[in-house]
């Protein structure tokens, strides 16, 4: 087992973590600068590291680094990345200097030349494929599963990089939204289930842009055209009139991640063809309908609970107020006095507004409860600030199962909803009432047809694709990956 | 004229800047750690630099640095500041390494020993006093006007530091909320007009805490007791049963800064005896009454416009929505493509939410318009995102005159309201209607009596205290100070 | 072609660069700390980056970083590397943040588990092997040729790591001194020609230490035992009484790098069984015999010319003086005035001592002339400082051919001695006389038998091993490697 | 008592520390760049911090920072310092971020305008003058005694800065070589005893240069003209044909610091009109005459002992060799294994060369013994490396008394020679013989007349100027200063 240096910053926040954002640009003379801006717009999808690869007459050129997009890139660095094709990546926040090895995009040379890839997702059959590749003498140097794709491409017998990418993608199981660059081509791929988002847009100069979310298109003045479809492989070639597209053989019903709507994506993005804001607001409205309560004020756990709280408040006919303020400066862990301050880690990030809360019956809306550690402190803070009653409303169903499709979830056993009933959780976090958005109500938002194209595995434990993976060996792989 | 290195980061934001936050703690064995946390809670008042001075058996010990509180202090650094008395300071964001000389608290040794001070405010008679002191052979090393207080204390003929502080304060004109530490005493002072806030609280172990805002008390579990009164000098001494208090001779009607309620302070603070949140919400409500308009949605320019927007929306009976998202990662200037992206600097910080705006008649609430440069771009962004009409509402009166009481304002000529009528501004920023909160309406919030204790100079040009200072020589002084 | 960010710091020094130093420790509870110290002692062999891998119950753990050993490692980082087996590496100074991918040791996982390697040298058949591996579907991620070894091990059909290492080493051509770690074993390998040094020592607690030079043994109180022989593979296993050893099949006459004696190694090291100091001093003595000249003082170009200069002076019976001082602070490039200062880059590093030089006939001893750019400036500086005559003496033969055995040499065409006769060089650098140590004289130092076991390729152009490599394709490979 | 953050890095080196280097340039359009280079050449006089002040049409501009000259200044920073007059300063290595307040040059504004100063030395009557100034209401902000000069200038009744500088200098007692800049004038001052060096040179374009040592002139192609005389005040004015000069009233016999010749200055400098190299070599020669011993080899403790060792070896007719190597990379403290390595701190900096030492009777030459802690370890290292006998020779007399003239010396009681006879020291450091250069022999180097113009206080305890200062109150002041 290999373990590298990982600084463990317990940030007192009990939230899921998205694992990446990707961007690809073809046909713009400022491809690297636009990628940089697009990555900034996708920064919420990953703060560990960022990288950009461009293609120009010298081949592939790359800059990657640990930190925020604005920290990794300087004007002079971007100037060293000329070319009109680029891909970029932001990576979610674990940390430690030696993690630089995992910052994407990855470049590899093989028989056909050089190719780069940026990946958002998780391969379910990573372990089996890795084992098979290792048996055939492949070695794995980075700890990211993205290296696997490069091996599959290198091992493919197909004659061109494009055919090999198709070949490799057909072998992969799980969640993957990827962009590739090689020669003068940009290729975007989304797995057949379409777990993770990937959209396509166009700038006024004709340049094609792929990105995880539309908010990246907006910042660089690219018009949103459509999603890359589940199972689709879009190829953009220099000198083409347009771009060509093909589909992987396996073509099941899509299983798109409902958490993108409920938590991960920016509210101003269109994800899976829907406004995130609108969808999230509807979650709140329905929640107000199915879990009403007498109250004086509706507040949110900012920022992710805010839009649903607005929906809840509107439906309930109760004023929405800012009952909790989020600090702009609490990125780091704070040094605590030895005379413990209660709920310190949460308090350094969230401050209650007494004048909103005092003497009130408060509904507080959050997007999810993971382990329950933060909810407990929030309820206590609200009471300490004078709330007469605290009613917690969660704008997604109870999470009972780990996600294997590109989200960093605790093991199922650690999820509070897998161990406790709603009533027990209520007692544990000590609120007056607690309600989750029922799964059926959530599906209402999408209607009977569209609702079939989403993944609810974390609420039901029924996984659309599992291969031979059990939670155990997956966990083992994760440990292994983390350990690398 | 002396000029030091100043990095000029035009951050595309057209807002006023507060000039500091202070904290003082007496009688807690962890005085430096609590100061550090209090400064974190006051971080919104200044991001340039931070410092803490403690008193212990070795005398005064200090750590100061450039950057955020969390960057300046580490656990091991705090460990080198034992002692149960401490003062701290955060300084507003200009920049440049050589600015370290200006990071407070300042320590000086003079005949009576050593003394440290942290200051929020601005001395109007700085120039005259400095000239007089220089004529008597004093030298000025730092570029901050805080050095002046130390000189006055040193020059005083009084026998004790305390008497000399009183002596010095009586000579000073302008805005000052200061904390001093010397021997085993902590002294808090607020100028007779009480321009800048300063509150007092107590921890359960009896430790006395002074801070610019109550949000600092909240984070360290100190109970808010009262404001330091305008003109009051509070002395906390070791071994005392309580603290003693005295008043400066000059004792005019208070003139507290109304911008603290409207913009500077955290919504969860109590400032000048009032909930900032509640006050700001009332601004919005009254604004809705005096400047109504047919509309479909009310949005805010986050974060400072949010609470007033909630008030406006509630009063208007129109839904409040998040129409503009603020990026958590846009602290730095962004590198722009050479093919200009319209309104780039604002777009990197604020993203419009199309699904909230499209086809809607939008009221957008902001706290103030300074030069008008940002408002212009916000209106355009909202229209580009589909808003059918854009009605801008400003929750404070038009600003026509510079502030000399501790706020970093542009010169009066640069303030758009000093040059244009409301209608002209409306045309300039191209919104459908524009309205400010009338000054009379603002005063309504406070009622006939209390309203007399606020300063409205920036709305009226009538300064409560000017000494012989005209705008010109003040501007000159500012240039001089900046240049040092 | 792939190009990553490389800062180009022309440091005004016209010297060859060694490409690495390695260390391996087995059986000491503080293996990582001792490795860290050993790497510090080997710092002259590489300043770009440093890394350590340890083995403990959790498997392989690693810390690598860009910079000096003292910059990469802190006490707390070393504390995260427990275990009694470790290997370490220092890498020669190219630069650029993205180069972190190349900082060794490299860890890879393959079918048999995990293995780490640290390498000093250069593989001549890298290109062919890489091409063959790529044809079989291998991919190359790092730009260092060390990745090749890992691929060969992974592809081997042998049953254990040890057998596979042997297998791989038999396939490699060129220069390699390597240490491997896997399971509980430490393996040290030196190529059959023994181009690069590798020694073995033992601490008083029985721990076995391998290092590039004995100066590393000295710092950690390890007793020097012997060299790892050319072609030898030494295996140290836990619980063994001693260590076992085997040899590669190919077992030619050794061809050890004479530049290790003349320039690269520390004077206090024993390299190839000989004291570097003593050998270098003898070079100087013989040079005095074969190239005498009337002179008043002998000086050195510090530090590498000093020991030979002492030898020259002693033999010539002329006083040695410090005629050139080396700055301790000239690590970085200096900013030059626009009114050019003559020979600036050299002057910032070397200062002439006028009182030693004025009016004197000066012999100045250097170890080698590469492109001749620095020599020119040194001669001019000496004359400017008053030297009446300048006689340059080079304590190695003229260098006419590039090295492919682990030394970073310019292409042959750039070597001044490949283009000019000694007399032409003399005129070019404008000294009064110029002499090199003749190759035959150099061999005298070693005697007729031992002299056969050294490589003189850079003086003769006759390469002991070339495979099918010509300079051209080697240069191409180098470009390719640098470009990665 | 005020104490700021000071990192305590015991560097295992038992040497005296010089307290500063200064430079001043008048009449060169690139004054700041040349100052930067001159400071680099003076870097051995101080590594804590560096700063430059220039004069141009905007007034005085300054950049100062903590660290080496090459770390504090970048090309773009130097570009912000236009002007053809500049002064600069390097400060000796204590440390801690908050020490930035002490980095010189200091700028102050007073009645007459702005003035900057850079100072090398130490004021003996600092305490009295400070007390008097404080009684008149002056405050002291920085912890350096240089602030005192600025106060004296500000308090002077004279009409111009120049007259006030003279006035101030007449009040000061002790060691001071200073450069001032104000309006368009550059002023250089050396105290009447001339304790610290200060030279004057000229560039080919007529620019006048002052510097602590001539090595700074050499790097910037300035011709050495003469010393600034003890007690002289040289004024360089714009538009002057030359420069004018005046002398302070007090005009005793000079007492120049003999340690500048023996240890502090660079060997290539001319200091007090003499070649440092030549003088130091003569110390070694005389030492060989007065303290001969049968030996096989003479080595130095590098770098400061090297030149004297060459003199010793030449006179003794015994070969000089490099018996100890100094690491180029041991600037920082090294992390030691818990199983203590003997003499670790010294070993990380100095490595013995066994082939030089083994079986030999070794003379090792050092410049001084301060506390004796390092000498002990050096002797042990030499013996461990095989030396049969170790004879230590010190090229200066025994140091028995602290220096108050600008050198950072331990208190007299800590000096080993103040507590032990030579024989006792010999036993303590365990060498076979030990000899110092007798004071009379040292004086021989200078001859009967010149020898009267040097200070020998550290060898004799007879101080040329003491004011009312005793060692005790001086020590107190030092503590106080350090503590600030």
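Labels for the chains are A, B, C and D, by order of writing; each one numbers its residues from 1.
Assume contacts are C-beta pairs under 8 Å (C-beta built on N, C-alpha and C of every residue); 3 or more make two chains touch, one makes a residue touch a chain.
Given the structure is predicted, the values throughout are model-derived calculations rather than measurements.
Q: If you walk from chain to touching chain, how few steps can bring you from chain B to chain D?
A: 1
Q: With chain centres set to the mean of the C-alpha atoms, which chain is at the far end from chain C?
A: B
Q: Could you please state the distance in Å, as a whole number, between where the Cα atoms of chain B are centred and where those of chain C are centred?
A: Averaging C-alpha atoms per chain gives centres 59 Å apart.
Q: Which whole number of Å gives the spacing of the CA centres of chain A and chain C?
A: Centre-to-centre distance between chain A and chain C: 47 Å.
Q: From the mean C-alpha coordinate of chain A to that of chain B, what's the distance rounded to whole Å?
A: 37
Q: For chain D, write out the residues touching at least two other chains, lowest number first.
A: Not one residue in chain D touches at least two other chains.
Q: Assign the assembly's chain-to-chain touch graph to one of these shapes: line, ring, star, complete, other.
A: Shape of the chain contacts: a ring, since each chain touches exactly two and the loop closes.
Q: Please give all chain pairs that are in touch with each other.
A: Pairs satisfying the touch definition: A-B, A-C, B-D, C-D.
Q: Which residues of chain D touch chain C once you look at their complex with the stated criterion?
A: 30, 33-34, 36-37, 40-41, 43-44, 47, 68-70, 73-75, 78, 205, 215, 218-221, 266-268, 275, 277-278, 306-307, 310, 314, 319-322, 325, 327-332, 334-339, 341-342, 347-348, 351-356
Q: What residues on chain C touch chain A, complex-wise?
A: 1-5, 58-65, 77, 80, 97-98, 100-101, 106-111, 114, 131, 134-142, 147, 150-151, 153-156, 483-484
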